[in-house]
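Right after this note come the structures.
The same subunit A turns up in both complexes below, where it pairs with subunit B and then with subunit C.
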Partner chain A sequence: MAEKAPKLTRIWNGSALPLDRVARMNMDGFQMAVGEAIARGWRVSTLFALNRGEDTGLELVAVFADDARATLHVSIAAVENNWFPSLTPACPQLHMFEREIYEQFGVVPGGHPWLKPVRYAGPFPGSATREIPDSPEIGRAEYFQVRGEEVHEVAVGPVHAGVIEPGHFRFQCHGENVFHLEIMLGYQHRGVEEAALGGPHKITQRQMETLAGDTSIGHGWAYCQNLEALSGAQVPPRALVLRGIALELERLANHAGDLGALAGDVGYLPTMSYCGRLRGDFLNMSAALCGNRFGRNLLVPGGVRFDCDVATVKDLEDRLATAEREITQAVNLLWNTPSALGRFEHTGAVTRRQCVDLGMVGPAARACGVEVDVRCTHPTGIYQFTTIPAAIAHYGDVNSRAFVRWLEIQRSLLFLRERLRTLPEGPLRVDCAPLAANSLVVSLVEGWRGEICHVAITNVQGRFARYKITDPSFHNWMGLALALRGQQISDFPLCNKSFNLSYCGFDL
Partner chain B sequence: MTMPPLTDLLVHLLLLFAAPPLLLGVINKTKAFFAGRIGPPVLQAYYDLFKLLRKDAVLSQTTTWVFLAGPAAGVVTVLAAGLLVPFGQHAAPLAFSGDMLLFAYLLAMGRFMTVSAALDTGSAFEGMGAAREVTFSSLAEPALFLGFAALARLTHSMSLTDMVAGIGAGQLAVLVLIAGAWFLVLLAENCRIPIDDPNTHLELTMIHEVMVLDHSGPAFGLILYGAAVKLFVFAALVVDIAMPVPVAEPLASWTLFVACVLALSIIIGVIESCMARLRLLTVPRLLVCACLLSAFAVVLLVRS
Partner chain C sequence: MAYPAGPPPPLPQHFRGRPLLDQARCQAECRACEEACPTQAIAITDTPRVDLGRCLFCTECADACPTGALTYSQDYRLAVRAREDLVVSPEEELRLARALDGKLKSLFGRSLKLRQVSAGGCNACEADVNVLGTIGWDIGRFGIQMVASPRHADGILVTGCVSENMRVALQKTYDAVPTPKLVIAVGACAIAGGPFIGRPQQHNGIPASIPVDLYIPGCPPHPLTILDGLLRLLDRLQAVSSRE
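For the complex of A and B:
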């Protein structure tokens, strides 16, 4: 490639930028820019299509994260003739994004190795020229098949034996061994991105908080941060700290629940029972903060809605001290049980190489030794003033994923103790001005599952022309599929739980 | 063939038919205690059975009569097997030379029918469960038979009742080995941890439970009842070997037997509370261990 790749536009997490300052390029330039970005070790945070009207036509927007320098890089590329050469063969982490673009706008990524719809959701508003891909009926699709003597197929879901979210899993098995797993989701598509068009509406905040029910604070924060950036609002320090407390409480509740559920999946009852209860204790602490166990309605663009008075701080400190003592006992019980560790170790391993290629995020990536944690690499809010070291493990197996969770529990507890002790005084919220017109903002938040990416693009009136949400699960589901290769099919529930990905966060 | 006294016969039948669900209650209470929970009532298994018997059943259109014959055969075979096992020092209602073969094959027949009913649904899950069940039971069966062989050699008899009655003169090492082997068989046959997890809802990890996923209502009630009886019968078998202390007084002897069976349930509950279940691939190793324990018992006797 003799030609020099066009430069991407550098921005920061949670800062708005006028659209006309974003680097524009044609498809050839875009291809080179993506190649260079990947070569530099940048991650793809999101890639989506955008249709702002007749004069601009269809465009691709890409956001890369440079974890080493705390910068984000964006570019916009024009799509011609509803076709662009697929980047997936060179950059596998784009595979799901390209499928999504194909489904939403009918744009064909030529040469994509496995082009099929993601959610069977039908066309996105603004995809005027779209040809609907065949068979929009959910679940009825081609699945990758292994043929041969004694090879058999096991189909699980979308209705499961437990009360969990719907998803279809297709295993290609040889006896108890899994050759390949294909995961088909989309059963819970509600059209959150479509609903946000023309917004912000009154209900949008509520919809963001229920986008993935266990990540209310994470998604709510990303949304609020976008609105604050677009309106130039400065969130007061007390609100920043309260947001941090709420996010870490959410992480604690979910990590505690996950460790308990992992113990339950291998039939180890004590840790399962104790952690199950402790999850409830952490949720109740969120309720003490705002009246809702999942932290709904706590966040509001410009700050937080509820204050935490001196009595509540004292109460939370006491409860945290008790919970810390109890969870240490419960989890150490697990680490001291050889039969449980025997199930965890070497099960469902993802290599570091696979993890980087797939662009995995969150605890699942940190368990492979990849240091991606938005709180460290792209800090916003309270994380700009305090550091939570990223928790790393190295083997990429169920044990590593469990251990990363345990490290994060300990670090979050430490963070909460510090923050509660030094809660700054001051107002809780500021009012947000109307949103800046024709602007783009990217918000990354480290939810308990990993990097949450919200991108807002406003039109001339300062309303949303596009609101793109990328849940960490969107990056990680393929990681689960790879973790299962060469494993026992009976270990699938354990692997699945160790990732604990969101179905509805993926389905949107 | 000798008949036991009438009171012994009645107590045997009463225990065999009515007591089994109690063991599940005791196990669950023990597990709840370890988990720091109150747990379900001890009689919960009875409530569940009555609830299921009052329910309607949903039958898949792809199934045939085999689907319902499975649960029925499952209950009948274990009850019949229970008539062959002496409870403590008291002779079994049915005892004849070679009855331990009938015992083993009654259980095998029950399993054959359960597996057939599972395959009858045509579901990938149930086929998977059936394959696992058959594989593991084919490894558990030698442990049972080698134990019978050792006992037959020890007591010079081919009937369970005479074997248990003749144990008093036996060698301690042999009895410990057989009791250990049969306890592992008990765990495997009754899908307890560490072989299987009776409480899991994860269909891909199940062995026994996955075969009965499609059953509902009274048929499912029969399956649960049959499983409880099977647990009780195996517990009686292990107690017979492990507690050969002769007690003359019938009342005391029956009390001792019941206490031992309950104690065994508590031991099962403790095991389930203290360890995780094995990876499916390592289950055969445990069962081969059980076979080896029984085989050593035989070796000890052949040598002497």
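For the complex of A and C:
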């Protein structure tokens, strides 16, 4: 074993490089490099396996984010004998990635504490071995169990009581008190990564926009940015700004909806009712940009498809001014109601340490005092020219997660006012050339749930040999499980909504 | 909201309702829209057909059309009762959903409780179903309500392409609803698989074992499109043709 850890290759968000310039190492070196990266405080943005179908065999690709220096660090390691020593015991934020690698490719992370199914997906094309056991029936697994007098288990889902996506939850309870919550997902698995192989296909962008349908702009942006990087396209300034406007409108709609739903979950109806409508008002502003309330078809590789004419700018400015006034009133009702806040405070707390260990992202992480926000730490597009300060709270509880959303609403509104006033002139889009062959690109976008990570790796024809997607929910579901420990089971809806994670974004 | 007694809420400038094809402007042998469509929703033959069940209401066809023959109208009314009614010539009238018949109408016409099942949905259809329950739309005023249990429901409202991993749960939920019951398919995924059509991890929408009573196309359908479909089914709107 070498004395010194091999160096990872430094890259930037949204810039492509040839695969042969990515640091390649053997598994021993990879272990050391990952250990050193974690010791430096870098976060794991993604870790995945691929099989490029050449003589390279199976490989692992790791992407780390150095948030302090706006850099990403990437390496590729060759897998031998379908096995590698699990890094999870030393680096818990890898636990789900290693389970995913096992499920997709049959590569065993030896020593992983519990290799359960991730999404009951069956083997990925190019997996190491056909010896992977067939995926068990969805939801069947050995669950974490607490034994003892009067301990009981509560099982919920996949079909829930509300109009939401499916997932299975197992609570280990003692009376009302929750010892542990285990979350089993995979019900929404549609095979998005597999569908992208050999792409881009003409359906691929539509699939990216429905990866997590409430994050159409976030995922669509990451996808477009990857194609632009691989084809060397320079997106015109007007399009960069319009993308920023669309992303912040998406954030506003979802944050407004979440604050309303949080109020509803503690029975505080005024804020629930106002915010439910305001969410729709923000969605309608996205529709004013492109005809679709979720921003679909606004983005196109190379720019945006629809212009925002003077009348639309004026219309949006007026609607934003009204919405700002109304949401301020609606949310202040909540902040001025001690009985509602009393239900938020100290409920579902995650410690800063837990947050960092799990590699959490987005508002849930910022609510623990961790400054992770791609718009600040790895900016691309308009965020390179204008800063939205990261919104931070410190107690990691429902109240902090709600408060971070409120801060972000205010900052997004300010951003939108400024951007609409100073919308640059010029073209909307450029054409994208064919994609560079044998290249890699990583795109991070701060969606409203947190860091979206898309990695594209092209083959010799410039088609996708692998398209890896990591939704922020992939990092954060375990955070919700920890938040429930020691809570009342009746607070589950409140805790769940305070994270509001994506099922389909996780399930892919 | 004044609708349905008054006018519907305004739709945005770029709203994409029912696609229209002005065949007079089509160039000979041109198949640009058919080739551009990512879900094979368009078939250019002697009588061109658009399958609104497959249509994602994206812009690929209109962008590809060299003569501007293919456009999207502002017509939000898209819901039908039979799958084949979604496959229409762009010249043809859409056979908009007719109301439930006698017994079912008397059972559900003024009170319809639905259990929503997301089976591979992306949370956009779900969101635009949810929005109907907010104070702006307030579907409660029509006696329509989403309920927590299939046992309390008169039917299911399904979103999503029906992932293999949700197939059994969807069937069980349907089975748990007492008869007579309704099935409402909301969105391109539930009707035909949407952007995931043909993928092996899903079933191209609701399987044949679950007969569908109302198809509401879109990706996702606008809340107004969903409400229009529900009200037509319950005979709360005049059954009018799309060309009225």
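Note that the second predicted complex is superposed on the first by the 500 of 508 C-alpha atoms of A that agree within 3 Å, B and C clash if a C-alpha of one lies under 4 Å from a C-alpha of the other, contacts with A are read in each partner's own complex, and residues count from 1 in each chain.
Just so we're on the same page, a residue touches a chain if its C-beta (ideal position, glycine included) is under 8 Å from a C-beta of that chain, and two chains touch if they have at least 3 such contacts.
From a predicted model like this one, the values you see are computed outputs, not experimental measurements.
Contacts of A:Thr210 after superposition: subunit C is touched, whereas subunit B is not reached. By the touch criterion stated above, A:Glu153 is placed in contact with subunit B alone, subunit C being left untouched. More residues of subunit A are touched by C (comparison of subunit B with subunit C). In the superposed model, A:Ala161 lies in contact with both subunit B and subunit C. Shared-chain residue A:Ser490: touches subunit B; no touch with subunit C. In the superposition on chain A, contact is made by A:Pro270 with subunit B only, not with subunit C. Of the two partner chains placed around the shared chain by superposition, subunit C is the only one that A:Phe294 touches, whereas subunit B remains out of contact.
Residue overlap on subunit A between the subunit B contacts of one complex and the subunit C contacts of the other covers 161-162, 273, 277.
Residues 119-121, 138, 158-159, 161-166, 186-191, 194-195, 201-203, 206-207, 209-214, 216, 257, 273, 276-277, 279-280, 283-284, 287-294, 296-297, 305-306, 312, 502-504, 507 of subunit A are the ones that touch subunit C when the two sit in their complex. Of all residues in subunit A, those touching subunit B in their complex are 152-156, 160-162, 176, 263, 265-270, 272-274, 277, 337, 339-340, 342-343, 347, 488-494. For subunit C in complex with subunit A, the touching residues are 12-16, 36, 38-39, 56-60, 63, 72, 115-131, 133-136, 146, 148-150, 160-161, 163-166, 168-169, 173, 189, 194-196, 199-202, 219-220, 222-223. For subunit B in complex with subunit A, the residues that touch the partner chain are 31, 34-37, 124-125, 128, 193-194, 197, 199-205, 213, 272-281.
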